[in-house]
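Each of the two complexes below includes subunit A, the first together with subunit B, the second together with subunit C.
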Partner chain A sequence: MNLKNLLCCYVFGVLAVQYQHTLAAQVTVSVEDNEGHLIENAVVTAIPLNVNSFPKPKPKVKKEIVDQIDKEFFPFVKVVQVNTWVNFPNNDDIRHHVYSFSSAKRFELPLYSGTHAEPVLLDSSGVVVLGCNIHDWMIGYIYISETPYFEKTVSNHQTVFKDLPEGEYIMKVWHSNMLVSEESTSKRIKLDAIDNINIEWRLTLKPEFKIPRQWIPARSSLY
Partner chain B sequence: MRKFFQFRRLQTRIIVSFGVLLFVIQLLLMLILNTILSNNAKVEIEKNLSLGVQLFVYIAEEHSKTLAQQARILVADFAFRQAIATEDQKTIVSTLDNHRSRLKADLMFLADNHQTIIASSSDSGGENHSSLLHDLLRLAEHQGSASSIVLINNHLYDIVIVPVLGPMPIAWLASAFIINDESTRNMQKLIDLDLSFFSRETPPKTPAKLKLLASSFPKEQHRFLIESLSKVDLDHFKNSVVLELKQETYLAHLKIVSIDKESTMFVLIQKSLNKALQPLYFIQQLVFVLGLLAFCIALLISKRIAKNITLPIQTLSDIAQRLRRGDYSTKINLNRVDEFGGLAFAFQEMADNIKDREAKIMMLANFDALTGLPNRIFFNDRLIQAIKIAYRLDKSLVVMIIDLNRFKKINEIMGHELGNKLLFELATRMKTVINQDIDILARLGGDEFAVLLETDLTQAKNIAVKLLKVIDTPIELENKSVLITASIGMSCYPDHALDMNSLVHKAGLAMYQAKHSHKSCLVFDPTFEFLDQNHLSLMVEIRRAVAEHEFVMYYQPKLEVSTGIISHAEALIRWIHPTKGLIPPSEFIPFAEENGFIETITLWIIERVLVQQKQLLDAGIELILSINISSCDLLIPKFSNIIADLLSAYQVPAQSIILEVTESVIMTDLDESLIVLNEIHNIGVQLSVDDFGTGYSSLTYLKRLPLSELKIDKSFIFNMQNNQFDYLIVSSTLELAHKMNLKVVAEGVEDHATSELLKLLECDFLQGYYICRPLPIEALIEWANESIWRLKRVRDTDEY
Partner chain C sequence: MNIKFILKIIGLSLCVSASASAEWYSTVEGKYKYSNNLNNGISNDTVDDSIFALSAVGGKYFQLNDHDKLSIQSQFNGEVYDRFKGMNNLDLGGSLALTRKWALGLYAPWTSLSFGGAYIDYNNQVRSGSKFHVQLSSGKRITERLSVWADLQFDKRFTDYNVIVDQGVSGSVYNLTNKSFKLNTLYLFDSGLFIKSSYQFRQGDVVTTTLKNNANPNIDAVTTAASLDATFGSQAEAYRLTGTTHILNAGVSKVIMPHWLMSVEYQYVMIYGKGNNNYFVSTPALTSSYDF
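Moving on to the complex of A and B:
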């Protein structure tokens, strides 16, 4: 069953990409920090102005995965379209207690191991912060996008939107540590068939809130 | 003040010196000890305090860490997080209350990520603390958590802020733990130091308003604590501050525990100096008591030492006092071998020596060193005692004064050494006469001896004769036979005087009288006293006589038998005394000889004669003048030169004067006299021997003298007509003299018969009243003009 699903996904994906490629113009985005370095794990979304141009998708059969490997969520940032089922398989030999208090989706997967946990349907857009009740340092993000047009940045090269159809879009960027709101990053663009557009964001990031992985015994200030 | 320190007694001085020295040493010791100990104590307290501060900081940090840890554990509770996530206010507040009691926190707040307090435990009071919390929350958000000490509603809180993770911080929990007196006292138990928390406004106002927030001191002392704190410059304190708190002194360290925009919180950690110095006070008291004890003991010891030193000194001082009184009988021995023993020995030596010397002085004082005879003091002393005894026993005493004649001259001629030998010899001889067991023979001084006889005058006269006999016996000294005579004067108790001085005086007068009257022995007679007074004044008067020209020269012409002409005259001195009239030379010349006045007189005479010879020549009278010179004159140094000088000064030829010397000159020292006489002879002056026949002179001596004339004493001439012996002497002398080629002058020719007789005997010159009595020069010139005798007249002035 799994294998069949995977095969279906693959065929659909390849067809879709090839189709879009022939129709759409290319938008290159770069998200940089104040020093001009490319920021990874930023999510850029393109929202067509004509809301009706794309419907809210039905909950997909296809399930996205946020893995738990070596007591970390993987990937750290996961982007999915709204109404996507997400599985939280546990690849560690210990149990995890994954939860979210985020308003986009509140859920709790009590102690489990392996793939026993039920998939979670992310049915409204927003950001879900994932945590593990046992391992405080385990933090992960799931960005639930309204539109199907989204890309996650990487640090080593620019991110390219290849299959955006013609039309007008609002482009936004989100990052877990950004100081400003996502709305404030909105940029309106108009795409023609053969346009190649470069869009840049410069974000000020607050320092990453990081809980130490291991408990470090308090050192005496006297010695 | 100075007087106070002048202790007269050595013992007191020693004790006081010891005492002062000891006192100073102990004082110094105590001061040094005190300084060291109190410094040590201060250093110790300092150390204590800084350790206390470190301990406080450590404990406070650990405390807030623990609190934070506890809070973290609390907020990690999933149910709690879920409850927070519900965002249901009521649920959240009740959750907070629950957790507040779990943490035993006094206050609890929940804030969102925008530092807005979203909930607080039900009894957390108003919102007026939100501003301070806001700052702290921002800090916590920035660094993950925060803790601080904050003043809320006038209460001091230890606040810990931790995030509520979901899994990112979804809220911040602030737990506040009150710091009050109780918790401060707990802390005090831990660090064993008093501590207090107080606040001051930020920034500080003047005057600073201090608020005491919590203290381990009892409530009633808080007021004083604030008072003393307000005197401390809180911005510029260094290590420690000193606080005076209700008669107790504290050393304190200050530390700022937190600063916010409203207040600055200080912690004051302090320790009582009084308590810390308690052991020091004990040591001080101990040292003081020990010092006092040592001082007392040292005083006792020093007293003993002082006594040890001063006791022998006292003993020696007593001995010295005894020695001063002349008591040498005590044996001085301290039985010690130290310095005092040595001193005592020296004292003993000294006493012995003084004793010996005193005996020697006694000897010297009472006895004459030369002859060994008692001296005047001893003699007088014995005389006084003898008088007392004689008075009681009704007996008589005789005092005899013996004086040697012409001893002074003998001494001058023969030297003092021989003189002393002479005296010694005479003393030895006299001792044989005097029974020294009963009577006393003493030497009064010089050539004067005295004898005290416990007998009557008759007996005494016998003894005097014996004495004179031993004295008169010639003495052989250095191959010379010396003949010496003595004069003895006697006085008798109680006939002449009743006391010692008078007896000696009167015996002396008798002796002088004997000497003057050329007698060997005389008993005192009251008439002597008058003479004696004359004699005493004579000296003064002779001096005056020379100065006032009271002396006058008289001339007695001599008849030259062969020519019948008055060719010579003898110059004779006369003293015209202003009150006593004319005094003959026999009354003052011997005295002048004795007192060394004769030289002056002789020289005056010669000069006078030379002047008057010129006057006579001017009057046409040419006379060869004879001048009498004393034997003393021959002792005048360079006598012949003086005569020669005078002759040439007055331009008188030497042949026109003749010097007459007495036989006694030859007697005394022929050799010495010969030299002088020869010198005189050599200048051309003729020499004549006066009073020939009265002395002991022998013709042998005459032969050796450079004489040209010889004068026969008038005592022979007076009686030569009636006395065959005298006639014989005169005639034989004349014959002998002529044979020796000497001219002879006969003195005392008073009548025609005698003059005829002498002419018959071929006497060369006649002198006497028969020719002319002595006349002053004016009378002589007058006489020459009217005389029956022919005078040699100046015929031709060219002769001179």
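Moving on to the complex of A and C:
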């Protein structure tokens, strides 16, 4: 192979990569409440219809984090792919006792401070509701996605899937306060190489409810 | 039992509280309330008054293990009466509570054993003295929004004013012993609005003050202690008798800002004293509390 051929191969390679990149379609997602406001902390997933198009990943070496800051879980909603290890560092100067009763993953991290708790492997898809046995108002969610294609919505902004490969997908949305099932939000889409698609969901949410921190002033002996 | 003992309890609380790895809490509360029967009098022998109260509660939790916590608390309370200045008082005390949560999670039942003491200093010294209580409480969150708990309490109050009056009747009207059972509910309408209610059944000593001589002729036969009570006038006399008390409480609280709570409460007290000496008291109150 001479220099000319080598150069041709390089140019062809670069163009191929560029072309491949342009094959990735873009899907813009809006999740609104009944009043038309974009809502945050909704999880949107895109599940390829050909489920063989992505293998179930091996447990990731990289660990995700759900923090505990000022007696709250942070972030409030965390999205990970199935088979992800999650660490629960405690950044408060007091101890927490994290637990989940959810069928997707039942676990308990007995009273600990700092970063001493063992990471938890989230090995089935579903929603994990986190609680702290000491501080009843602490609640958080981990959405364990079966697909690698997921996004979490942020307040007042549309959410964009940038690199979805060409193909057919079922797209679904989940929110901790939605009144319908996640399955009922399913929308089937077909993406061609250069598609730019907008998808909207309008969800009926139950009113936000959180156990207040200061529910009884003289609370020394109460849980 | 005197103020030195109470101060020792508070001192011990503060010393233990100074250690690390625990959680502080403190609340300051201002309350305005009105009582239609301040003296626990029979229907035609009552006085009413408005009261402003300021209290501060501070304490610390020690999470001993996954299920047990120890709470140490100090509290101060002051009351100023609009008309009856003899009722103005300062109350300083402390308490210790050991609480166990019996399982994991939001809905796990819990039980608590607490002990507390306080010294109350009234303008009118006949009421001044120490008080102590032992309380066993247990409760459970029934749903995300509804919690119930019950308190079983034994309390004793010792007056500083120990005088024997005529015919062997004690003058220590404010030496009181009571036991009570209280059922509490709390319902959260939403994260910032909730209602509290309670019913308390109390048995033991009660104190009534007659404002005029012979205002209540039924009282002499059943009284276990008596003394003059200058708070309500030169002819007023305080009597101790045994009785059963029913106390109903209901209140609505609203979170105004993240640490600021406003409450409207109503209390109705029914005292059924020995010898058909019955007293009824209504007390509406407006409370503002700030949680640090």
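The criterion applied here is as follows: the second predicted complex is superposed on the first by the 192 of 223 C-alpha atoms of A that agree within 3 Å, B and C clash if a C-alpha of one lies under 4 Å from a C-alpha of the other, contacts with A are read in each partner's own complex, and residues count from 1 in each chain.
The criterion applied here is as follows: a contact is a pair of C-beta atoms (placed from the backbone, for glycine too) under 8 Å apart; a residue touches a chain by one contact, two chains touch by 3 or more.
Given the structure is predicted, the values throughout are model-derived calculations rather than measurements.
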Report task. Please work out whether A:H37 is in contact with subunit B alone, subunit C alone, both, or neither, and reply first, second, both or neither. Result -> neither
Report task. See if subunit A has more residues touched by subunit B or by subunit C, and give me that chain. Result -> C
Requested in this report: Could you say whether A:K190 touches subunit B, subunit C, both of them, or neither, answering first, second, both or neither?
Outcome: neither
Requested in this report: Could you say whether A:R213 touches subunit B, subunit C, both of them, or neither, answering first, second, both or neither?
Outcome: second
Report task. Using the touch definition from the top, say if A:K162 reaches subunit B (first), subunit C (second), both or neither. Result -> neither
Query raised in the report: Looking at the overlay, what does A:I94 touch: subunit B (first), subunit C (second), both, or neither?
Result: second
Requested in this report: In the overlay, answer first, second, both or neither for which of subunit B and subunit C A:L130 touches.
Outcome: first
Query - Which of subunit B and subunit C A:R106 touches, first, second, both or neither - result: first
Query raised in the report: If you lay the two complexes on top of each other, which residues of subunit A touch subunit B in one and subunit C in the other?
Result: 97, 99, 101, 131, 133, 136, 209, 211, 218, 220-222
Query raised in the report: Which residues of subunit B touch subunit A in the complex?
Result: 54, 57-58, 61-62, 65, 69, 76, 78, 81-82, 85, 144, 165-170
Report task. Enumerate the contact residues on subunit C facing subunit A in the complex. Result -> 21-23, 25, 27, 29, 57, 59, 61, 63, 65-66, 69, 71-73, 75, 95, 97, 99, 101, 104-106, 108, 110, 112, 114, 135, 137, 139, 141, 144-145, 149, 186, 188, 190-192, 194, 196, 255, 258-259, 261, 289, 291
**Report entry** Residue numbers on subunit A that touch subunit C, as the complex places them
**Finding:** 93-95, 97, 99, 101, 108, 110-111, 113, 131, 133-134, 136, 207-223
Report task. Using the touch rule from the top, collect the residues of subunit A that touch subunit B in their complex. Result -> 97, 99, 101, 106, 129-133, 136, 138-139, 209, 211, 218, 220-222
